[in-house]
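Just below is one structure, and these are the notes that go with it.
Chain naming follows the written order as A, B, C and D, and within any one chain the residues start at number 1.
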Amino acid sequence: MNTFGRILTLTTFGESHGTAIGGVLDGFPAGILIDEEFVREQMRRRRPGQSVVTTARNEADEVQFLSGIFEGRSTGTPIAFVIQNTNNRSADYGNLREAYRPSHADYVYDNKYGVRDYRGGGRSSARETAVRVCAGALAMLALRSYGITVTAYTSQVGDIALDKDYKAYNLAAAEENIVRCPDASAAERMQKLILDVKRQGDTVGGVVTCVIKGAPVGLGEPLYDKLSARLAQAMLSINAAKGFEYGNGFAAAAGRGSQQNDIFCNKNGCITTLTNNSGGIQGGISNGEDIYFRVAFKPVATILMEQPTVNCSGEPTVIAARGRHDPCVVPRAVPIVEAMAALVILDFLRIEKGNMNVRR
Amino acid sequence: MNTFGRILTLTTFGESHGTAIGGVLDGFPAGILIDEEFVREQMRRRRPGQSVVTTARNEADEVQFLSGIFEGRSTGTPIAFVIQNTNNRSADYGNLREAYRPSHADYVYDNKYGVRDYRGGGRSSARETAVRVCAGALAMLALRSYGITVTAYTSQVGDIALDKDYKAYNLAAAEENIVRCPDASAAERMQKLILDVKRQGDTVGGVVTCVIKGAPVGLGEPLYDKLSARLAQAMLSINAAKGFEYGNGFAAAAGRGSQQNDIFCNKNGCITTLTNNSGGIQGGISNGEDIYFRVAFKPVATILMEQPTVNCSGEPTVIAARGRHDPCVVPRAVPIVEAMAALVILDFLRIEKGNMNVRR
Amino acid sequence: MNTFGRILTLTTFGESHGTAIGGVLDGFPAGILIDEEFVREQMRRRRPGQSVVTTARNEADEVQFLSGIFEGRSTGTPIAFVIQNTNNRSADYGNLREAYRPSHADYVYDNKYGVRDYRGGGRSSARETAVRVCAGALAMLALRSYGITVTAYTSQVGDIALDKDYKAYNLAAAEENIVRCPDASAAERMQKLILDVKRQGDTVGGVVTCVIKGAPVGLGEPLYDKLSARLAQAMLSINAAKGFEYGNGFAAAAGRGSQQNDIFCNKNGCITTLTNNSGGIQGGISNGEDIYFRVAFKPVATILMEQPTVNCSGEPTVIAARGRHDPCVVPRAVPIVEAMAALVILDFLRIEKGNMNVRR
Amino acid sequence: MNTFGRILTLTTFGESHGTAIGGVLDGFPAGILIDEEFVREQMRRRRPGQSVVTTARNEADEVQFLSGIFEGRSTGTPIAFVIQNTNNRSADYGNLREAYRPSHADYVYDNKYGVRDYRGGGRSSARETAVRVCAGALAMLALRSYGITVTAYTSQVGDIALDKDYKAYNLAAAEENIVRCPDASAAERMQKLILDVKRQGDTVGGVVTCVIKGAPVGLGEPLYDKLSARLAQAMLSINAAKGFEYGNGFAAAAGRGSQQNDIFCNKNGCITTLTNNSGGIQGGISNGEDIYFRVAFKPVATILMEQPTVNCSGEPTVIAARGRHDPCVVPRAVPIVEAMAALVILDFLRIEKGNMNVRR
């Protein structure tokens, strides 16, 4: 379904080449100052055409708010917003009307729904993520006053991977290059790789790492709405995402309990842990340490090379994308990952604020 | 919250050392023959004390059905079941009443709820997974008649990892050894590793791989209830799970689109793909190929060695588990992963059966 | 929250004098021909300014679809639509910025949210019901092919009440008069009463009766999503609704079981009931008979007379609506009741279609 | 479905003559002292066999808590409880295995599920309401510390109806007679009527009125989770309920806005209303006044007289209940109505406590 969240809910709509895409953010706290410039800034970070490592296609991605804001503040009623599709002119789709692009959603949509908007992938297009970024920006505005920040960065492109964890980097530096990697030297190599791949008409995958600082103890509702479980759902709902791990993740599988357990200690009257292999989540609940996780993205399925496939009648055919494509989705996925994380955290914060627990 | 699923919902309850644990499975199809022996068999696969690589603690884990079954068949009303805790005698918990075990949920539960059942981890204990296995067994019974099977196995323990993918193995062979690894030679090495680790009073992590065969095209509800997203949530809700990946997962990050795209072809009138890097899921919807994914588990946090920590007053203390513990959770996690997968698939199957789409 | 339904969900947004109102209908079957003229016709039936018994305020209420429809058919993806507010020019709201209108939502919104869009009632305005009517029209289009119809009419205005039940009338006749009452003589008296009340600057309440024909046996999900329970929620969510009863409703309280039980009989091989005091719902599930229920509406709270009240500082003040108002909401409530009923029925139909029950 | 509520959720299970009935209350605040004697007292108020106006069937209805309580306090984890069915001996059900009892759920269950536990109505039996009363009692314990009370009483039996509203009575007096009517003289007449009806083997309906005092402003989440809408759903989910109205309800339909509007005034610095026709709910949100509503119950469908009907093959047959039955459900419905109201209020209180609204 197209609604995400439990108390803070985001409902989204729209196809790649339809009239507009948009969303309805419900359950948003009232009285929050809506800093539209901040929203625009987040939109710019996801926007196509922002640099040489992204698609050249240009969309203004201007957000128009329709409701839920009055005199500059949220009113507690649903915040609806739309983003017009400026790039939706009737085009010659060639055999894309009928051919199933490899590793795209064309085939499953046709099969499941019996009808499909074939223009640019329709609903399955990553264009929808613009809506997530807008909603996430609003969530970040609410989280700000609680001192909670959400920061993501590119930690791998192809086989070029950062070898240190997030604490080794100045995360703000990620925004200083178009790849969004906080290590300038790695960023340069990543950029070169993406451009090489682009020249070949090919695409390459990567990994986004995300860090949430300032989250209080207590976020997450066991057993099935664990913070880790809901973050995993949120991340795997993003186009091209193939994996999720938090804390030391898959590396934990190779280790021993005696090495990986995070020892509790008392630091100036506050309980904290000496290490943070848990990634800030224990028993599915935030423990006050930094929350961090990684999301793997596959190479974009649209490539400029010719590929064999079949059409909706099962007949063999050949397709090749033309013109513009994203050689690597990762730099633009950074703000999307942040947005989904912010929505999860704000939702859980609302639930936790209302827990009514009587502390003895 | 303690309810999982959308139309098929599992609600669970119970603490490790309380009176009983149990669950309510709602939305289960009516008229399904309930093969209680099959349920018992699944329970045995998860049961503690089943082999030398699991904890020696012995629990009968006998399931008592309270409702929803009449004359051997499900009635469409909620199926409730309880599993008595036979091991809940009043014990001497020593400083566990107050000390926070490293990398356990003690601290976060105390902080979030202000009160905590400290006996054996209370609600956060992995004992709860027995309930999942029972519900999952019921789901498998319903899936059977649709020709859908769910099979998991141990693919990694510590640094011993299978180097081939699931198609290289006879998955049924996994049940022939106590590690549940389909490669007999690897299984032997894994078993040896676990026993070594056990002797040291330590624990080791691992990975479970799961394969779903026979699922039709169309399972999964974009955009936020993608099949991949809901499987990720399900898996990350399991105790000690640290990561999830489907298809080629994190490895996809290093690859190129031209190598990883799954080419469609026509095989005897059926549309299929030449490769299956997508893991049977495209655009969040099953595409008729095998669905497969991997789940990483950390080493169990309970170790027999002494560990420093703090108590609920923030004072330093030392703890050491006594007696029995699970040196590696992975062999027992295999049926748990299967159970959660079966619940997700049956839930989506119900939704898809009711889609009312008009096919042109 | 602003989302209604379980599998078929309607999420709505918008304030009376904001930019636009609108909705997102998710879970709608794919492949349904979208008859836009039918949607427009339903919108006209709810539109302000349609007759002398409704407010003179004029809104075009033109629906613009943004997504979910391709080449004239639904695609199974969310159908989003907006209705621009043409009447939202900056106006002089006098003391309405601060005064709390009696029996309106001004006070509770201010208190709950701490901020309020005071223009025309903001989110609490009945203007939102235009969105329901649009979504309901789409639901009716899907129900059509299953032979299910939803028809409502005015059965009471003030103290003028129809004294026969729905079977005594030709329900189509209701659309022949502006009151929407199928009894022409009663309609005339109702119209006269409304105009009298209007001249006095006052308002009057009434009752809408709704009949659903053609619904199959099996709609409704006990125990808490009984068809009766969900219809009740749907109806009580409409502005100014004060009561709901189905079948013989409150009158049942005065009767005896021996008189009210609906005797089953076999009519040409079909099981049916001799009477239908149950209103087509038994045990919360539709039984194949006509479903019928009644919804009570209070007189509109906005009157042209002066009323004392307090402002947001608690100081006494006086208010009087100016210009245009609805003397009786009931004629315009008829399509709203139908719309909400259609949404409930289609939602349950989807769930029932996917029940996967094995019939012996 | 068998789960009710949004953050505070009650999931129930069990058939009339199965092993046990029970429930899981999730989202309950931690740290609440569980006064088991209070729970038992509420159970006694609903128990069959409590007086000459209820069924003579005797069930102990002893609640056993299985989880979620530790050292006398709630822990924030799910509170599960079971009530054994002591009256579930194998009996001779005669033609009830196949005959459809008039105005019962037998027919619709058989048709919907294709299989049915025919013993005592199975899942559709009012026996399930014992579970609601237990959960409601827990909710009342949590509401107590917020000064919120929920009190219901019998306001009508057959044609004997109280002619004053709740403020005219000492509601505590309702518990002094077995009919649960606060007017002693009316109670006597009601009792006589019920006994007359009982002697005839017949049944009679009635109305329960419920009053909630002490609820703060702000409960209810527009637009579809209005407090009125959710109360309506809750009440219509109770067996035999046929109607719901709040405030002046259906009577509002006959009135004028000028008479019915509740004028705001300032009483010692507090904003209040002169009248309370709104029943404490405006715009779907509690306004701080008493919340009150009425629920209509039909006469119990089980009567001792012979009734014609059909069996599952559509053949005519005759049935007659034997032995014990409830001549009037209303006295026992009083605690059920209270229980459902308490669950709704506590759920909304949790949501409202977490609203995070920034008040200017």
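Basically, contacts are C-beta pairs under 8 Å (C-beta built on N, C-alpha and C of every residue); 3 or more make two chains touch, one makes a residue touch a chain.
Here the structure is a predicted model, which means the values were calculated and not measured.
Here C-D and A-C were compared by C-beta pairs in contact; the pair with more is C-D.
Chain centres were defined as the mean of their Cα atoms; on that basis the chain farthest from chain C turns out to be B.
Chain B and chain C have Cα centroids lying 45 Å from one another.
Between the Cα centres of chain C and chain D there is a gap of 26 Å.
For this pair, chain A with chain C, the centres built from the Cα atoms lie 39 Å apart.
Annotation for chain C: residues touching 2 or more other chains are 1-3, 7, 12, 30-31, 73, 76-77, 112-115, 123, 222, 352, 355, 357-360. Against chain D, in their complex, chain C makes its touches with residues 1-4, 6, 12, 100, 102-105, 107-109, 111-115, 123-124, 128, 156, 158-159, 197, 200, 202-207, 217-218, 221-226, 228-237, 241-250, 252-258, 260-266, 269-271, 273, 277-279, 282-287, 296-303, 305, 307-310, 314-316, 352, 355, 357-360. Remark: chain C residues 1-3, 7, 9, 11-15, 18-22, 24, 26-27, 30-31, 64-68, 70, 73-80, 82, 112-117, 122-123 touch chain A in the complex. On chain C, the positions that touch chain B within their shared complex are 7, 29-32, 73, 76-77, 142, 145, 222, 349-360.
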